[in-house]
Amino acid sequence: MPEMDARFFLRWLEAMTAAVDREASRLTELDSPIGDADHGSNMRRGFTAVAVSLTQTPPATPGEVLKEAGRTLVAKVGGASGPLYGTLLRSTGKALGDAERVDGPGLCAALRAGVDAVGQLGGAVPGDKTMLDALTPGVDALPESVEAAREAAAKGSEATIPLLARRGRASYLGERSIGHEDPGAASSALLFATLAEVAADVR
Amino acid sequence: MKMLINGPEHVVSDALRGMAAAHPDLTVDVENRVVVRRDAPVPRKVGLVSGGGSGHEPLHGGFVGRGMLDAACPGEVFTSPVPDQMARAAAAVNSGQGVLFVVKNYTGDVLNFDMAAELAEDEGLQVAKVLVHDDVAVIDSSFTAGRRGTGGTLFVEKLAGALAEEGAPLDRVTAVARQVSESCRSFGVALSACTTPAKGGPTFDLPADELELGIGIHGEPGRERRAMMSSREIADAAVEALLADLQPDGPVLALVNGMGATPLLELYGFSAEVHRVLGERGIPVARTLVGNYVTSLDMAGCSVTLCQVDEELLRLWDAPVRTASLRWGC
Amino acid sequence: MKMLINGPEHVVSDALRGMAAAHPDLTVDVENRVVVRRDAPVPRKVGLVSGGGSGHEPLHGGFVGRGMLDAACPGEVFTSPVPDQMARAAAAVNSGQGVLFVVKNYTGDVLNFDMAAELAEDEGLQVAKVLVHDDVAVIDSSFTAGRRGTGGTLFVEKLAGALAEEGAPLDRVTAVARQVSESCRSFGVALSACTTPAKGGPTFDLPADELELGIGIHGEPGRERRAMMSSREIADAAVEALLADLQPDGPVLALVNGMGATPLLELYGFSAEVHRVLGERGIPVARTLVGNYVTSLDMAGCSVTLCQVDEELLRLWDAPVRTASLRWGC
Amino acid sequence: MPEMDARFFLRWLEAMTAAVDREASRLTELDSPIGDADHGSNMRRGFTAVAVSLTQTPPATPGEVLKEAGRTLVAKVGGASGPLYGTLLRSTGKALGDAERVDGPGLCAALRAGVDAVGQLGGAVPGDKTMLDALTPGVDALPESVEAAREAAAKGSEATIPLLARRGRASYLGERSIGHEDPGAASSALLFATLAEVAADVR
């Protein structure tokens, strides 16, 4: 990965906004059999607000971009995903500090901190059939390459299908949660897919 | 599925405009989505604030008023509200005696209320929280999100609200709210799925000859699907599930609750069966509330909530309440 | 369609057993299907009796109590009660001041209440009748059965009930009941048909993209089928239809009524639109009631009833009422 | 028609009870598009009660049989059809007086009185798309033969299809009532069909 500036992160979140918009109904469909059928509209509402806020006053540093995005998600989404995604981006942003540019290892470390914060906030661990099942393998593979991270996150999301849910609404279903992909894992996979997309553009 | 709406994105604000126009006793901030009793903050009174995803009406907005909630924060349909809403509500109802948040146990509600409490505490408010987790259909362990909060919320809000209205301090209101929360158990049954405005179709498929046992109030499927049962059989199953978890050694309050689309005619018939089976089990029912109170949009079905009470809680139940959807004594 | 019942033949008696168990303020004769307020006959008070087919709950049984009805007689679903029921009810509530029958204008209701009045008069009771016929969707001429009685019934029962509670004599209670009846107009819309227990399926077919305008409360199709409309458009159409027939020169009471399966969330949003269009027409709304009050089993849809009021009627509206489903001031 | 005694009328009402029971769902179906979907269950509830009451204490005269049946219908049916059918049978019974046996002309005259009473009570006239559209042609044809009456009533019921309703619930529908057979006319046709059935058995 080349060094990344605030513009890179703005583009990443733009790409994520577009992806979430495109995939909203799929995410909501995934949230129907094992949830409450709102994940797509939650993510769309949140990232649309992120796009608006970042366009109006684009922050100057990578850290500020992610913190502002995280704050916006907390303020606009609600549900489980609002605080969790908000925390992911805010904590990642905080870990980036106020540097103007970030290198690959710096992003890896910061995202790791963000993912850890999600685990801390929600009390889930990988294997619980949550967004962590895409985030964790994604972050683990990121030092290798963004492409590897994209793939790992996508695989991680798919791998939630046979799992029994232990956190979030899907856990209410017990055995009946088995056989369905976790919606939050699917949206988290989009985070790495769009990262790879934007990184490829930059290269 | 057709809906009486102007589009999915307008549902919550339109409803708030409607509440504002219909209920002069309420101050409704449509923009920021906070419903507050007109006379808030009530001097020397603990403030009671609740909220959650919309789609469960009259919960919570219909329970704002004298003797119950001071404010309610509606989120999007089935989506818990954002922290800013509860923080605003807390500020609006704080008379200096502190604020109690009544939180239904869902990951989203818990996280957002926690963040709101932090915001409010940053402003110097004293905030306490009570978690409602009454749904026996969910296994309560460290490997689940824990029991869901459903019908028991009404009892927590009414009983704690009555106590707060009497001027009890925050620690006492909180303690009683917790006592009520621990004394409530619920069990729900769906005869049909509900349709969310955002999805526009049923949240799950339920064949014409089957029902779901152990459903929540968010259109999620339940724990078990069975061949359609009679009202009598459903009452037997629901009460059995409740009594496996709650063994009242005294009288109970009973909420026989409709999920939204089940006619009151049927709910009363079902309530008769609930009374029959409680009678068979030797459990005296002190008060019964029958109707649509904690709903799941247009889902057909019902839930039963039992709340074990002592003399004091019964007195608080009978105390005056003046809200849009629960009212007596004033 | 699934129902929460023990079989079609048990629906009404099961519901009455449920009412009996839930409402100690009521005396419920399940066998003879009469619901009477516990303290009837109230000394020196005119008795107010209504009734009709079941399936419209909370109407009428939910409106029995202080300040409203003295007794209600539920028939089978959508089938007016038999004369014996109303005669029994009249006898049970007669304190010597006579009895007023509140009758919705349907052939069956009119004929059965007429026969009941004869029976009661044979026993020496003084009986008066008021006909409710508020539905503007029906052409009122000698070549139809006349306008149907729908939501306006609630206003007649509440306002005449308040007056009777104050001890007014039969002729005055009857005169005010008639004034209210003539001051009410209703218009209803269905988004889905309802399912009667006897038929077990929808009473008519309504495609996913159409609605029925001008429906009644018995699952009959309406006057017109149209492409699905928004809440705003439906409010425009309903209020326009109402104002073609009723030109209020003062404030109105508004009932924004759900037909049974439409969520309260949607009803409040619709109510906002009703307020908007009334505001545009310059008609002040003195009070608004939003909810399921005069229903049609599990039909999705709504109706709007406007009732023009003067100072006196407004006072009667605000007077205390203590029933299962309408309660304030006591 | 031979002379008819109380037993004849008991058999008639038994046959009507059976017919109504058999046809209940058809009558309710007819009551769906232009009514409130209860005519079949109303008629079944009423005639089942009639059968019970007449079996328990069978009256001794034709007039008493019909009056008792009419009283039972009024007491058990409700709706529009309870008072209307009740009045039909009670008024017919009253017109029969307390004779032990009734001849053809006597029955014709009495039924005419019954049908007139229905018109008086409900304010309908033939052509309004009500039970009168089967009852009136039935009674008109009865002097000829019960078979002719049966046919005329059935035809009269069918002939309600193109009519615009002017009485009862169907009148609420205005033009939309056109194209459907009136449920009360259909059940009235059964009254003549069962009369013909029982008369044929007796012959």
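As written, the chains take the letters A, B, C and D, and residue 1 is the first residue of each chain.
Here is the rule we go by: a residue touches a chain if its C-beta (ideal position, glycine included) is under 8 Å from a C-beta of that chain, and two chains touch if they have at least 3 such contacts.
Please read all numbers here as calculations on a predicted model, not as lab measurements.
Visitor: Listed by label, which chains are in contact with chain A and with chain B?
Guide: none
Visitor: Work out the mean Cα position per chain and let me know which chain is farthest from chain C.
Guide: A
Visitor: Centre to centre, by mean C-alpha position, how many angstrom separate chain B and chain C?
Guide: 29
Visitor: Measure off the straight-line distance from the CA centroid of chain A to the CA centroid of chain C, and report it in whole Å.
Guide: 53
Visitor: Report the inter-chain centroid distance for chain C and chain D in whole angstrom, where each centroid is the mean of the CA atoms.
Guide: 31
Visitor: Of all residues in chain A, which are in touch with two or more distinct other chains?
Guide: None at all.
Visitor: Going by the contact rule already set, what residues in chain C reach two or more other chains?
Guide: In chain C, the residues touching two or more other chains are 77.
Visitor: Once you draw an edge for every pair of touching chains, what topology comes out, line, ring, star, complete or other?
Guide: Shape = line; chains linked end to end, path left open.
Visitor: Name the touching chain pairs, would you?
Guide: A-B, B-C, C-D
Visitor: Would you pull the chain A residues touching chain B in the complex into a rising list?
Guide: 28-29, 32-38, 40-42, 45, 74-84, 121-122, 166-169, 171-174, 176
Visitor: Using the touch definition from the top, list the residues of chain C that touch chain D in their complex.
Guide: Of all residues in chain C, those touching chain D are 8, 53, 75-84, 106-108, 111-112, 115, 137-139, 143-145, 148, 196, 198-199, 203-204, 216, 218-221, 223.
Visitor: Would you mind writing out the residues of chain C in touch with chain B in their complex?
Guide: Against chain B, chain C makes touches at 1-7, 10-12, 14-22, 54-55, 57-58, 62, 77, 191-192, 208-209, 211, 228, 230-232, 234, 256, 260-273, 275, 285, 288-292, 295, 297-298, 300-302, 322, 325, 327-330.
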